[in-house]
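Labels run A, B, C and D following the written order; every chain starts at residue 1.
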Amino acid sequence: MMINPDMQIEEVTLDNVVEKIKDFYDESEWNFITVNATDLGGKLQIDWLFSKYGAKNIIKIFRAQDVSYDAFIPSIVPVIPSAWLAEWELADLFGLEVENAATGVFIAPDGPKAPLRADTKL
Amino acid sequence: MINVILTLLAPIIGGFVYGIERIVKARMQKRVGPPLLQPFYDFFKLMDKRPLMIHSLHALMGIMYFIAEWFALAVLLLGNDLLIAVFFHVIAVLALVIGASSVRSPYSVLGALRELMHMISYEPLMVLMVVALFLVVGSFDIRDVLAYEGYPILRLPLVFIAFLLTIPMMLQKSPFDIAEAHQEIIGGPEIEYSGPFYEALYTGKWIEYIYVFTFVFLFGGSHYWLGVLLVILAFLFINLLDNASARLDFRAMVKFAWGFLIPMAALNVILLALWQ
Amino acid sequence: MGKIVVPFGSQHVALPEPISFLFDTENEIITKVEAHIGYVHRGIEKAAITRFEYNQLPYLTARVCGLCSITHAGAVVHGIEKLMDIEVNKRIDYLRMLVVELDRIHSHMLANGHVAEVVGYENLFMQTFRAREDVMDVLERITGNRVQYDYQTIGGVARDIDLETAEFAKKKLKKLKENVLKVMEFHDSDYTFGLKTKGVGVISKEMAAKYNTAGPIARASGLETDVRAEFDYLPFEEVGYKMQTRKEGDVWARNMVRFDEVLNSIEMCENILDNLPQGEHQVKVKGRPKGETVVRVEAPRGECFYYLKASGKKVMDRVRIRVPTYANIPILKELFLGAKYSDAQAIVLSFDPCMSCTAR
Amino acid sequence: MLKMFIESLKNLVSEPETIKYPFEPSPEPKGYRGTIHYNEELCIFCDKCENICPPGAIKFVVVDYETGKKEYNYNPYLCIYCGACVRECPKADEGCLVQVETRTPPLGRSVPKGKELGYFINRIDNPKEVESKWREIEELNIKTKEEYKAYKKAKRAQKAAAKAKGEE
């Protein structure tokens, strides 16, 4: 059986992502999965992923393209209280500046900085 | 003579009791369990370890616990006042509490406080039991109790049941292994002891077995076969209870002791006093 | 009892894996919590996009976690098959479903046993774990190893199941069902176990939805979410899958939901073994993965999510793993406030936490 | 509670289920994924097993550039016993690479020997050397492969030159 996820991708920018998610998110209908960053060689693509309860194969993605390494990522914790863990991980593993994020939660203080960036060689 | 031997060999006999208990417990869980001599293997291994201590008072209190425990047993077995034996046992437990609360480890401190909860749960019952035995026999002396012609158990059934249910509190067994609580405070008062000092605590616990089961034996009066039977039944019952219950909260234990066990024993004592 | 700061972890008897909580307690009531995770960060996501090629990924991700290695390998396999346009046959689907469900059984039994252990009920722990041995034997016989199964490969499964093994599995499953019913009865009706678990760590349905909990934890609160019903990766409905929910939302309900699922999984496994379709256990694989996809699979602990991106090279561009425990940590932190310290262990273990998954 | 009470009593009088493992052998599981055995005579040196091996426990070392002869080096203490190499091997059906059902003994005071284990482990006597010697093999693997490639390239160039010369 081959999976066929219905990925509904909506392009957003870092400035309006919190508002867009606030308008869209209904906690009894949508399940927040995670925040994901993908390094496309110097530029990041950041996805906020949601899935729908009780529906088949529906994945809603808010995607911010071409995010630079020193961009300020807004936090969606006011809308989704469980998002802090995923946001803090972005701060740790990509070395990004995320609103209200503590660092050093996922990697040791003396560990490599921003290991998941494409230019970090380990 | 036998009581002198029993007193002197208490740590060794206690070790055997502990070894048997581990096998019985394992068999109740459908396991094979360790060899009978495992407590002694542990003993020699611990003796071999480097003596590390946190500070001298802490270490002293560990040894004090062992000595006071042995002394309480000696008082009990060598024919003295039962009440004094109970109070020496209090001293032993207090030594443990003082030692445990003198260090900064939160587990040890929590364990010490929980050990106090244990004490306020079972010590009143111990005193009540001794008083009840006095009412039946008319003497606090162990020799008089052991020479008593009747059957104390028949006149003190409620006291016996109450005492049976306090044994888990004294020997740190489920459902009342609250001060030891391995999954919560990792052994509680004993966590900061190591090597020979831990050994003192470990052996002290074996002596406590003898101490507790001597009291059970007393319920048979001069009928020693009944005493032995009671000890074996109590031993099996405690292990069965240990294997058939989860650990309770310390609040539940204090409530159970003061709301159920002590009134029940007191009722027995009051009825006995009125009836005589 | 005054104010005492109790460290729970990173190494603690009750914890199977390193996570650290710092509790401020007053009279053994927890007033403040501080959590530290990531003690076992191994950089698997980085390794997946640098050192390992796409066809080695199932073996790498299987080592994210010891208990749900089948799930992780399966998720990667599903994703790569989607990116390479491989359609597998019915027999492969059924064999994969068989191991996934067996994996769920043994993981759930382990979780329930651990809960019994931390509430101080050693005998129940032993009984639960002994019952679990049967399913371990079945998995060992089918896949050839006890912990690291390495069963799902790109384009099929590692080995076919023969008639003798199927009979062996059926026999063991029958025995397992008896044992599970017995152990479940103990969990269900035991008075002291109930005292420690009923009404402890309650999550309401609203709270479960608000904090986006996953898996048996959400279902024990009555939130109807199960990836097996929400995402088509294997035909679970064909073999008798039913969603199991409970209403209470406490530690006890989480255990019981897991037992309900174990019974459902045993039924599914028996159905699979009875109606195994004919076919090869491997299909031809050609080409390289290209494009992006998401995979959601139901790990024993809840939803396991993979994001895969490839551009036709041997090494993938991005492998993002989000595991069920990761989704459940935010609510776990909330639950501790106001709980008794003696209940904290049962609350943590009822979540069946897997820190090596979370830290990866 | 009462049910467990009765269950415990029943267990007390019934046989324990423990396997007395170090004293009695543990039952060998059927179909166990054990050591990888290799047969050099059947090998066609396609390097497929080396390329798939997730931990890199199979390394070929070119020993003779003239004939292109390769030596199969297998480290059973790095192997994860996943069996990927056997599935990948084109000659596996004939028995070139087989996963047997016996376990590799743990690394104690001696190292297991046998022709079917490849060259690496047979050349080591001290178990402590396994790790360092394997690192040498890994370096050798990269080095000889590159040199062999360069050698072949040079040879091809030579041939082409000779051919060009001949055509002249």
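Here is the rule we use: a residue touches a chain if its C-beta (ideal position, glycine included) is under 8 Å from a C-beta of that chain, and two chains touch if they have at least 3 such contacts.
This structure is a prediction, so every number in the text was calculated from the model and none was measured.
Visitor: What's the chain with its C-alpha centre farthest out from chain D?
Guide: B
Visitor: For which pair of chains is the number of C-beta contacts greatest?
Guide: Highest contact count belongs to chains A-C.
Visitor: Quick check: how many Å separate the C-alpha centres of chain A and chain B?
Guide: Taking the average C-alpha coordinate of chain A and of chain B, the gap between them is 58 Å.
Visitor: Centroid from C-alpha atoms only, then distance chain B to chain C, rounded to Å. What do you get?
Guide: That gives a centre separation of 43 Å.
Visitor: Approximately how many whole Å separate the CA-defined centres of chain A and chain C?
Guide: 24
Visitor: Please list all residues of chain B that touch 2 or more other chains.
Guide: 28-31, 243-245 - these are the residues of chain B that touch more than one other chain.
Visitor: Would you mind listing the residues of chain D that make contact with two or more other chains?
Guide: Residues 1, 4, 7-8, 17.
Visitor: Can you tell me which residues of chain C touch two or more of the remaining chains?
Guide: 123-124, 127, 130, 190, 192 - these are the residues of chain C that touch more than one other chain.
Visitor: If every chain is a node and every touching pair an edge, decide which shape results: line, ring, star, complete or other.
Guide: other
Visitor: Spell out all pairs of chains that touch, sorted by label.
Guide: Final set of chain pairs in contact is A-C, B-C, B-D, C-D.
Visitor: Spell out the part of chain D that touches chain B in their complex, as residue ranges.
Guide: 1-2, 4-5, 7-9, 11-12, 14, 16-18, 20
Visitor: Under the definition above, what is the set of chain C residues touching chain A in their complex?
Guide: Against chain A, chain C makes touches at 36-38, 41, 43, 45-46, 50, 78-79, 81-82, 85-88, 93, 209-212, 223-225, 229-235, 293-296, 303, 305, 307, 309, 317-318, 320, 322, 326-327, 329-331, 359.
Visitor: Per the contact definition, I'd like the list of chain B residues that touch chain C in the complex.
Guide: 28-31, 106-107, 109-110, 113, 174-175, 177, 181-184, 186, 243-250, 252
Visitor: Chain C touches which residues of chain D in the complex?
Guide: Where chain D meets chain C, its residues are 1, 3-4, 7-8, 17, 29-33, 51-52, 54, 80-84, 87.
Visitor: Within their complex, state which residues of chain B touch chain D.
Guide: Residue list for chain B touching chain D: 24, 26-33, 239-241, 243-245.
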